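We just call them A, B and C in the order they show up, numbering each chain from 1.
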Amino acid sequence: MLAVAGATAVAVVLVALYVADFLAANPTPLRAAPAPRGAQLTLQTVASYGHDPHPDWVSYLARDASGAWHHTTIFKVPAHALVRVTVYQYDTATGLRNPFWSQVRGTVGSTMTVNGRTLHALPPDDASHTFAIPELGVSVPLKGVGDNAPNQCSVAPCTLAQAHTTVTFTFRTGNPGRFRWQCFVPCAAAFVFGNGGPMQSIGWMDGYVQVV
Amino acid sequence: MSDVAFDQHMPRPAAAPPWWRRLLGFNLLAAFLLGIGGWFFGHWIGTRITIGMDSQLGTDQNDVATFMGFLFAVFGWLIGLGFLNYPLARMLGRPPSLREKEEEGPGRYFRLCTDHKVVGMQYFVTILLFFLIAGLNAMFIRAELLTPKEKLWNANQYLSLVGLHGTMMLMMMSAAILGPFGNYFVPIMIGARRMAFPRLESLSFWLVPPAGLILLSAVALGGFPTGWTGYAPLANTARAGMDAYLFAFALIGLSMTIVGANMLATVLTMRAPGMTWTRLPIFVWGVICTSVLMVLAAPVLFATLSMVALDRTADTSFFLASAGGSPFLYTNLFWFFGHPEVYILALPGFGVVLEILPVFSRKPLWGYRLAVAGMLGVTLLSFMVWQHHLFVSGMNADLRPFYMLTTELISVPTGFIFLNGLGTLWRGRIRFTVPMLFAMAFFSNFLIGGLSGVFLSDVPSDVSTHGSYFVMAHFHYTIMGGLVFALFAATYYWLPKMTGLTFNETLAKIHFWGMFVFFNFTFAPLFVAGMLGMPRRVSVYSSSLQGINDFVSVSAFLLGLSMLVFLINLVYSMVFARVPAEANPWRSRGLEFQLPTPVPVRNFERTPVIESGPYEYGVPDAPPVAALGRPTVVAGGEAAP
Amino acid sequence: MESNLAPAAAPSGEPHIRRLIVIWVVLSAIGVALVVFALGPHMPPWTFSDEARDQRNINIMLAALATPVLLAVWMALLYSILAFRQGSGVAADGPPLHGGGRLEITWIVVTTLIVVALAVAGTAALFGTTKGAGGGQGPDPLAVPHGSQPPLQVQVIGQQWAWTFRYPAYGGVETTQIAIPAGRVIELHVTSLDVNHSFWAIRLAVKADAIPGTDNVAFVRPRKPGTFKIRCAELCGLWHGHMFTTGLVLTPAAFASWIRRQVVANAAATKTLPPYATHYFPEPLRRAG
């Protein structure tokens, strides 16, 4: 009886540790680089991450102030400030499931800059990903690179020498809080509706914006 | 049937072999090793099959490989335990035999043992273990709900916790009473020496640990986002943890079907002479009704989960509307199983409390025929109500009155059980032992749960409360306030018979009062939270609800502490104190308590002849339940010589 | 098995029962009065819309019905616990009452009648007075409220993980916020683009599941201007708990100017939207991978 009770106790502790380990795993938050009147958040989207655990998944990456790219989707930005976002878009277009998201919303002037041109909206079929913070009303479609563009990137982190589209926009933050953000393009390759895998995983196509 | 195998004298070894030698053989260790080996083998086969299959390779989660891995893991597990030995032996021409070699000693609890009492104990320990793990998940959930925003766990972790808690509880509690106490006591209560299919009985148990472990492995596969209901089409796009859920739950569906079939066959064919249907203990009636539900509903679960698995692996589109399928197909199939499932949970509870009440009121069970009618009525009606889970889903609007009627009607047979309980207590001579306390608390809790069900069955009222914490409170009151309280009543009532040891009375009473008080403090406010607009399965809620949620969370932690008290009592009483229990500590008339403790391997020396029902307290000149040639309790509170 | 009449036959039973019934009647009267008059006006889901008021009245009725039942069972339990203890030292049995007889029949008949009456009343309310009570009724609703004007159609589109709303009467414009005019019947067409969601407008007391490929119709009649919270009530994936937004009930004039502003602000997106339909199976031009 003692042996059984002891073995059971060990089993329960092991399971508790196993569950606790799952609960403790989180991508590390990245602080956006300081900029005049706010911060500068630099992101990139890659068509395939290229490393374990999911080499074929699309993903966002973020750059810290020193220029190194990190695989995280939790960003820290200052409150009551202007946050300028630059996205280097290395993925090809998938097209929006709901063309409603083809219009830019929630940014300063409701515009974005794509490779230098100011746009209010994008043709829905040109969108590769979106960056949306629904609770702050921000939604920006991100243009994809052409299917036949030379020198496409397939392993993260991608460099500026590879084919990419540059999208910039600015949004204003208010009170501190933690807000979720997500991509609205169903861009997960080979999943039904494209909405599986990376689209529903924090650290890939979903994350948090922590306004501090 | 040939009893030759029974009477063979088993040769004893001359000297006990060393411990490492005893570890060799078909047992749990072999099962683990072969199971793990099977996982790798199956995974490899799955990967080979899907070469060139974009939907599996492009997603970085090869669902085919995962399922094949689980499948071969379970094969390895069962082979390791020795379940293939008898079929192979028969195919090779060996004569039939009913029992495996049953040696004495603790080793038989870790292998295929055809003694139904061993299976009962195995079930008890396993179910308790998984109950505690699922309860721990609940503590994690309530910790997150202390704050209105997300704080401790991110969205995926929280949903996986919710899904794990719900699924593990539903999987394990479905056989929470049938498994330990049904297997242990049904043969004894009907005067038989074994179950109808002893090896199948052991199989139904040995499918449970791998199911639990596979469900836990969902955590390593990315969690699953659907909760215990597994709704497609969300299930179609979910990460690999979904495969673990599907496989584990299907395995339990299989186990439930086997248990149900075994119970029915046993009670229908193996009752002792004199055990007429009107002398059957009400607990056995509860088992019969539950078994009917299991046999008819669990296969539907298996089929439904298989269809989701096919959608995920073979690119079928059962549940994808855009490809010609329908999400309604899933919801209807699932709830066709799901509603009988909740009666699978509730009915054994009815059986247990109605079994216990007469013993501690020293009165016959009031309205025995009414109780049986109530259980049968619930069983029949439970197949006709499932669409009440779908009132606002866009189902055919014509059907809603029908399902409103049937759902309301099911409270009538349930009400019979209340009349039985109250009638048994009325003018009795009540002893407040711990099993009795739990049985009486059952009535209070199930009353609240049942009345809230009336609110939910009314379609206009359900429009606001569907999918909210009101539903959560309703089913926790009926399942936890009902079944789990009945489970503890059964534990305190029968474990002294199963183990020959008594529980510590003080700790048991602390456990009861802690559980009763904090259970009500935890779940009663949730009715209010639901009506105030808090949906289920969310970790973000309106800040005006924080007061209620904090109160509930603290109460839940204290409820968890009371479970810890039970655990301490269990370990202390069974391992350290080891105070021996009398053969009949409750002076019960039940047949199981007329046997000595420990119960002999073959239960009865000779097949008993049943002479009266087990509830004839206070009846003058009532004979004992059966003439066993031992002291048996008749009536009048004193043991007959 | 002997069949005994209820304990009323035994001399020691009568005073217990009579005492209990009196206490029960008094407590029930107090309880029902409290429920109807003290709790009633505050009973969820309050009165922001006609549907909410109807549901609130039904909840009051159900609570008033449940109170005597709750009290009866609790009192019987409590009384038994207090009055029928074994007493110390004497290990005797109680009276051999097996049940049956008038009490059983009465119980069966009374409970069945109550329950059937509830079902009938619920049906009458569902189709009659509450006109669907704000619940989703599928593509062919049976309980349709009528107002002085034709209903305003608003489509609610659930997608992972946000709500958008389309107004077919205004060129099919799609918005992220819903606004509806007070005093008019609103016909909500709830659908989904991907998985099952559920549109729950809490103060409006409207709930309709958003199922892909299905047009789930629910009706609501808001009474006065205000705001209402919307939450998703069917687990739809990662951000299910975050899928909430706020809706507006506006005066007809304010609504007219609001929708005009929305049409202008969303003009670029509206040009690219597919034509308004009761459900959509959107497939973007290119599927990834």
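Note that in this section contacts are C-beta pairs under 8 Å (C-beta built on N, C-alpha and C of every residue); 3 or more make two chains touch, one makes a residue touch a chain.
Just so it is clear, the model here is predicted, and its values are computed rather than measured.
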Contact-richer chain pair (by C-beta pairs counted) among B-C and A-B: B-C
From chain A, the most remote chain by mean C-alpha position: B
Separation of mean Cα positions, chain C and chain A [Å, integer]: 38
Geometric centre distance via CA averages, chain C-chain B, whole Å: 31
Whole-Å gap separating chain A and chain B, where each centre is the average of the chain's CA atoms: 43
Overlap residues in chain B, where contacts from two or more other chains coincide: 54, 58, 150, 155-156, 225, 233, 237-238, 320, 322
Residues within chain C bordering two or more other chains: 194-195, 237-239, 242, 283, 289
Numbers and ranges of chain A residues touching at least 2 other chains: 180, 188-190, 193, 195, 200-202, 206
Chain A partner contacts - residues on chain B that touch it in the complex: 54-61, 106, 109, 125, 129, 132-133, 136-137, 140, 149-150, 152-157, 160-161, 164, 216, 219-220, 222-223, 225, 233, 236-239, 320, 322, 571, 574-575
Residues of chain B that touch chain C when the two form their complex: 54, 58, 150, 155-156, 158-159, 225-227, 229, 231, 233-234, 237-238, 278, 320-322, 326-328, 331, 361-370, 391-398, 400-401, 404-405, 408-409, 411-412, 415-416, 418-420, 422-423, 425-432, 440, 443-444, 447-448, 451, 454-455, 457-464, 466-468, 531-533, 535-540, 542, 587, 613, 616-620, 635-638
Contact footprint of chain B on chain C as seen in their complex: 1, 7, 10, 12-13, 44-45, 51-52, 54-55, 58-59, 62, 65-66, 69-70, 73-74, 76-77, 80-81, 84-87, 90-100, 103-104, 107-108, 111-112, 115-116, 118-119, 122-123, 125-127, 130, 133-143, 190, 194-196, 198, 200, 202-203, 205-209, 211-216, 218, 229, 231-242, 244, 279, 281, 283, 289
Chain C-facing residues of chain A, complex: 58, 92-103, 105, 120-121, 123-125, 132, 134-135, 137, 180, 182, 184-190, 193-195, 199-202, 206
Contacting residues of chain C [partner chain A, same complex]: 157, 159-162, 164, 174, 176, 193-195, 237-239, 242, 245, 266, 268-269, 272-274, 282-289
